[in-house]
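What follows is a pair of complexes built around chain A, which joins chain B in one and chain C in the other.
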Partner chain A sequence: MGTLLLQSQTQTPLVDTIAGLLGLDGLLGAVVGGLLGAFLIANVMLVTTAVAGPWAKRKITASFTDRIAVNRIGPFGLLIIVADAVRLMSKELIVPDGVDRPAWDLAPIILPFSALMGFAVIPMGSGVHLADPEAGLVYAFAVASIASLGLVMAGYSSNNKYSLLGGLRSVAQNIAYEIPLIVTAASVVIFTGSLQMSEIVAVQAEPLVTVAGITIPQWFAFVNPFAFVLFLAANLAEVGRNPFDTPEAPTEIVGGYQTEYSSIYFVLFYLGEFIHIFLGGALIATLFLGGPAGPGPEALGFVWFTIKIWAVFLFTQWCRSAVPRVRIDQLIDIGWKGMLVLSFANLVLTAIIVGVIV
Partner chain B sequence: MNPWIAIGALGVVSIGIPLGMMAVSALLRPSVPEQGKSAIYESGEIPTGTARLQFNIQYYMVALLFVIFDIETVLIFPWTVIYRSALEQGASLTEVLLPMLVFIGILVVGLVWAWRNGAVEWVKSPLAESRKTERQT
Partner chain C sequence: MSLEEPQDSDQDQPAVEGRSLGDELADLLGDHVLSREEHLNAPGFVIRPDEVQDVLFKLRDEAGFDHLSCVTAEERSNRYESIYHLKKYDDPTQEASVVVPTDKDNPVSQSAEPVYRTADWHEREAYDLVGINYEGHPDMRRILLPETWKGHPLSRDYEQDRPQVVPLREHANPLEDDHSGDGGDTMFLNIGPHHPATHGVLHLKTTLDGEQVADVESDIGYLHRCEEQMCQQSTYRHQIMPYPDRWDYISAGLLNEWAYARAAEDLADIEVPEYAQIIRTMGAELCRIAAHMLAVGTFALDVYGDFTAIFMYAIRDREKTQNILEDLTGQRLMFNYFRLGGVVWDLPEPRAEFFEKIRDFLDDLPEALEEYHDLISANEILQIRTVGTGVLPEDVAKSYGATGPVARGSGIDYDLRRDDPYGYYDKLDWDVAVEDGCDNYSRLLVRLREVEESAKIIEQCVDLLEDWPEEDRTIQSNVPRTLKPEDDTEVYRAVEGAKGELGIYIRSDGTDKPGRFKIRSPCFSNLQTLPEMSQGEYVPDLIASLGSLDIVLGEVDR
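And then the complex of A and B:
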């Protein structure tokens, strides 16, 4: 692993495959393959979100609260996805008085953009991996945090006090939990010695221990469970889900930054939030759960990856149903006086332990 | 191939998808402007004043701290990348670990100082406190 720093070889596995299938090479192959690959990945995430938003979320929440939820249209109510898509698309767009127009229109574009961009570097298994730059991990965090910009724009441009409060709260929350999130990720990088996503996944494929003939891989959730729990909690705050959903707390400030949005703009906010949850899940899967690794042949990688991100989604929905919301001043306290200190303790301890072992 | 071409392609696609959805919706949706429909929502009351006002950013000091810690994480990342390989190539702990511990230590001292001075807090506005009508327990 000593040569990793000098390694400049980066790959674009999915793009190469597509370009190879089309028989294109050079720049044309890169551009056409890139566009097709990007389209494929974006649509995979759109389908995931379409299943999660109108259907799975309702079903999961209903199970937690002992209800039945959607079951009228199609098998298990699955066709509600189509019905909801048409319903939401055909809603009237109401532009409130005095909104700051370009910013108000741009915010719903920025949100899904930032979340979708993160998936460029996520290895989804079965060769579905758009790009693999050396700085993959840092890139993923960088684009994911563009979302705060969209939230502030939405909050400030809406000309609504609730929106303004929601926007301010979302910034307070993001700055309180981004540092613990990234520092915890840095403690994983100490093990891997690389920011490249494929390398992070490859390191986790090595065996940790063998118990009764079953080899447990070196997933960082097993190697450093403390970091895993920290990352999971910080990620909940980062995607704005309970117990950290103060920016859009419906019982306090109506809908937060999205109060004044209707029709397709509201759908885009919703879409952005859900893709963000799945991006968080994808980062957790890649950093701590071995990425697309799992029993069975390598071609099943995508299935395992999907199961892992859905597991994280289920966890966020569980928290949504089971954990009460924290107040905004408590949130700052937990972030800066709790998580930050714990994440630095985790980083220093990991560094010392790795230093002693190696 | 250069991975950033593919990432740029995803950027184009992920701007195109919201724009496409907006376009489809613009074809489908009705537009029935009515009086009062476009009023901003303030819990059903008639809106008072504007939202473009001076407000108290109650986490201002925290936001300043964030800038410091954000730069710190940027400086920590390169160290985490080389840490293990440097140790494997025979560098001693005092060479690779101690400087970083000192660096983090300085920042922790700074955090403790800010904490004790009450900077790491959601600042309560004195005006709002004095106007509070709920019962003090």
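And then the complex of A and C:
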């Protein structure tokens, strides 16, 4: 463990790189580098989401349901992304009577930004890593949780009963599932002994076993598959996908908190949801799948990382197409009576095992 | 349990030792009976309007008529009439009609609601369309038309040309009574008329206690298209047949057409050639599969949530039956294939190819059903969602006149194809699917099993049709160009539609158009059970229950 700490990289690799390229240093370099880096990462995530939302999601769902989906505009229908962007942005923004104005306008902004901010501490490989604070993991969970606030604001300020029900459901759900989520993540921290993201990734690079000349790294998905499954399930609830999509539940409460939003506000909600899924994927990749690690040169790290978060995205879409939704009371039951107990059991067991072995 | 032999083919004389059912019931009712009528399907008893409950209680408790199939109301030249069509769940061939004439000036009759809960909506419809008032009814309001409507459209003095000027402000504002100022613990929520899970335009006025349903009231009539009146203005021979396709339009067209065909053929005493009956049976069962596929698919959609695999798979398989039906009838939804006395044309040529297509579909079906069972009925999450939710006990189901998969999911072994045989069903080997779980899950299972049974029936029909001698392929019997059934003949006949008992009452008036044409829609009766199922349950279960009822608003509102 002690040797691992020494291996920790520079605190802010991407910022330093940018500052170096511009020939700046000191405070100015940190500020300019930080802003440009943030701009870069945010745009990477937005592009990912743009591909995922209007195009990949349709294609994936279509292949689950024996359909073809978009294939008319551009190669493989890819230009539908442009068409959809134009369509959604040119729609009328309908502001219903009696909405609680500042809150109603802020909610769709909070949602994508809380998820985007989480990416600041994610090491995406190939030197793409904006900040590496010591409490990185806690920071990621903290900003991701702000999304709940956005959902409640949207639900409460929309002056619509379906929205209110959706907002209430999302709070109940997030409380019930974020605790198991964080407790499960804590079991990883017991292994690494650090909350720093680069640390968590570095520990996973260690070999676990070598079978027939192939070295299997110490990814926590292999070390503690139970925690991995728990985290994956809790993450589905966190991002609100089947079987835990009760806050939206179109067939029950129409669209939940987003019922009254149209045009660009709707886009922001949609965007927020997708970035949230990718942030969930990024956390899963970082905590359990070795972050940007993969075969080939280190420069490929970003590619591997992208593949991993897309794999998680694919998993959520798969669940969406194949798993029925549970009822809200059952969902809360599963959260408090099942996941919470299991996650604490996992934490205690991990602590005992780590304490005995290490 | 396999198909039982039909007990007694002569339906008017099922009683023992030469005494007709009518005589027995007349003895039972004694002085209540003012006079007797003979309807083609059942003995009719004319009673006083203030003795309705006494008579119906007697018939229900002492004679075993536990199924109020339909309430027909009509205005005659000198009186209003309510006709209660009674049946027995154990043996629907035993029927009785209770005729309640009421005064022209003051049409007030006692309500049957305390005896049969289903009378609630049926009598409201009678009030709405014909104008009879029912005393003691818990909720005497219009049901299909808006509360502000002027006049009763099926009454004789209704001014059809008078414009219905109803300003917007006189309409009930759906937001008005949101009860938000009550200070109570409940919240009023409008589910529909535009809601993803109402399967059409249905408005559920729901009162929520938290997420639980404290009360729910269905508001129907958004799709009312005056079907009964249109049929009354059309000739028996050709003009009525296209309409049934538009009641339950979920590709159950042939089943609906059969309801009209059966009633009209009995009324005008028309024979149907055996060959045509087999084609009808085959076509009707294909329709049933198509209808159940959509029911299962949309039910899964309601429970699963998002647009999911199972819905598309169900639509994919439904598409195959639609292709076969298109080959057979030339249409995909509005078939208009039946004719009085047979069907409009023979099977498509080349016949071998057509049979091949059906057999291919039937061969693939078990595998497809296996997939459905994997994805739906065997799915544990779906089971925790549906087992034990939307419970409809057997006696409640009977009281509400529930039929079809809804009744059979509540353990009521009632299927008109077997119990009141028509077509070719009694000569084929198949079973009635019954589940006694009384919940959403049972209703789902019943539908999936019925698809299997329908496949069995189709297979046997194809076998028969393949070997049918070429010189004997009569598709229609000789039916006069203009049908004028004898004046004042009344008949109520029902068939097993995709959703349940689809009944038609026709009274002839000596012309070539019906004097009164009444549709008994299974969805209308089934939908009434929704509050019983969902009170105290969660909103998602309300939606699931609604999905498991498999209503089609076109048939509810007609």
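One rule holds in what follows: the second predicted complex is superposed on the first by the 348 of 358 C-alpha atoms of A that agree within 3 Å, B and C clash if a C-alpha of one lies under 4 Å from a C-alpha of the other, contacts with A are read in each partner's own complex, and residues count from 1 in each chain.
To be clear about the criterion, contacts are C-beta pairs under 8 Å (C-beta built on N, C-alpha and C of every residue); 3 or more make two chains touch, one makes a residue touch a chain.
Just so it is clear, the structure is predicted and the values come from calculations on it, not from any experiment.
For A:V254, select first, second, both or neither according to whether it touches chain B, chain C, the two together, or no partner.
It touches chain B and chain C both.
According to the contact criterion defined above, which of chain B and chain C contacts more residues of chain A?
B
If you stack the two complexes on chain A, which partner ends up touching A:P243: first (chain B), second (chain C), both, or neither?
Touch status of A:P243: second partner only.
Identify the partner contact of A:W55: answer first if only chain B is touched, second if only chain C is, both if each is, neither if none is.
In the superposition, A:W55 touches no partner, neither chain B nor chain C.
Look at A:F231 in the shared chain and tell me whether it touches chain B only, chain C only, both, or neither; answer first, second, both or neither.
In the superposition, A:F231 contacts neither chain B nor chain C.
Between chain B (first) and chain C (second), which does A:D16 come into contact with in this model arrangement: first, second, both, or neither?
So A:D16 only meets chain B here.
Answer with first, second, both or neither: which of chain B and chain C does A:Y177 touch in the superposed model?
Neither partner.
Would you check which partner chain A:I328 touches, where first means chain B only, second means chain C only, and both and neither mean what they say?
Both partners.
Which of the two partners, first being chain B and second being chain C, lies in contact with A:W304: first, second, both, or neither?
Once the two structures are laid over each other on A, A:W304 reaches no partner at all.
Regarding the shared-chain residue A:F313, is it in contact with chain B (first), chain C (second), both, or neither?
After superposing on A, A:F313 lies clear of both chain B and chain C.
Counting contacts the way the document defines them, which residues of chain A are shared by the two interfaces, the one with chain B and the one with chain C?
161-162, 254, 328-329
Under the stated contact criterion, what part of chain C meets chain A in this complex?
For chain C paired with chain A, touching residues are 187, 189, 195-197, 211, 300-309, 311-313, 316, 375, 379, 381-382, 384-385, 538-541, 543.
Quick one: which bits of chain A touch chain C in the complex? Just the residue numbers, please.
Chain A residues touching chain C: 61, 64-67, 161-162, 165, 242-243, 245-246, 249-254, 320-330.
Within the complex, which stretch of chain A touches chain B?
1-2, 4-5, 10-12, 14-16, 19, 27, 29-31, 33-35, 37-39, 41-42, 46, 86, 89-98, 108-109, 112-113, 116-117, 119-121, 130-133, 138-139, 156, 158-164, 168, 171-172, 175-176, 178-179, 182-183, 186-187, 189-195, 254, 259-260, 263-265, 267-268, 271, 328-329, 332-333, 336-337, 340-341, 344, 347-348, 351-352, 354-355, 358
Across the complex, what residues on chain B touch chain A?
Listed in rising order, the residues are 1-15, 17-19, 21-22, 24-26, 28-32, 37-43, 50-52, 55, 57-59, 62-63, 65-66, 69-70, 73, 76-77, 80-85, 87-89, 93, 96-97, 100-101, 104, 108, 111, 115, 120-122, 124.
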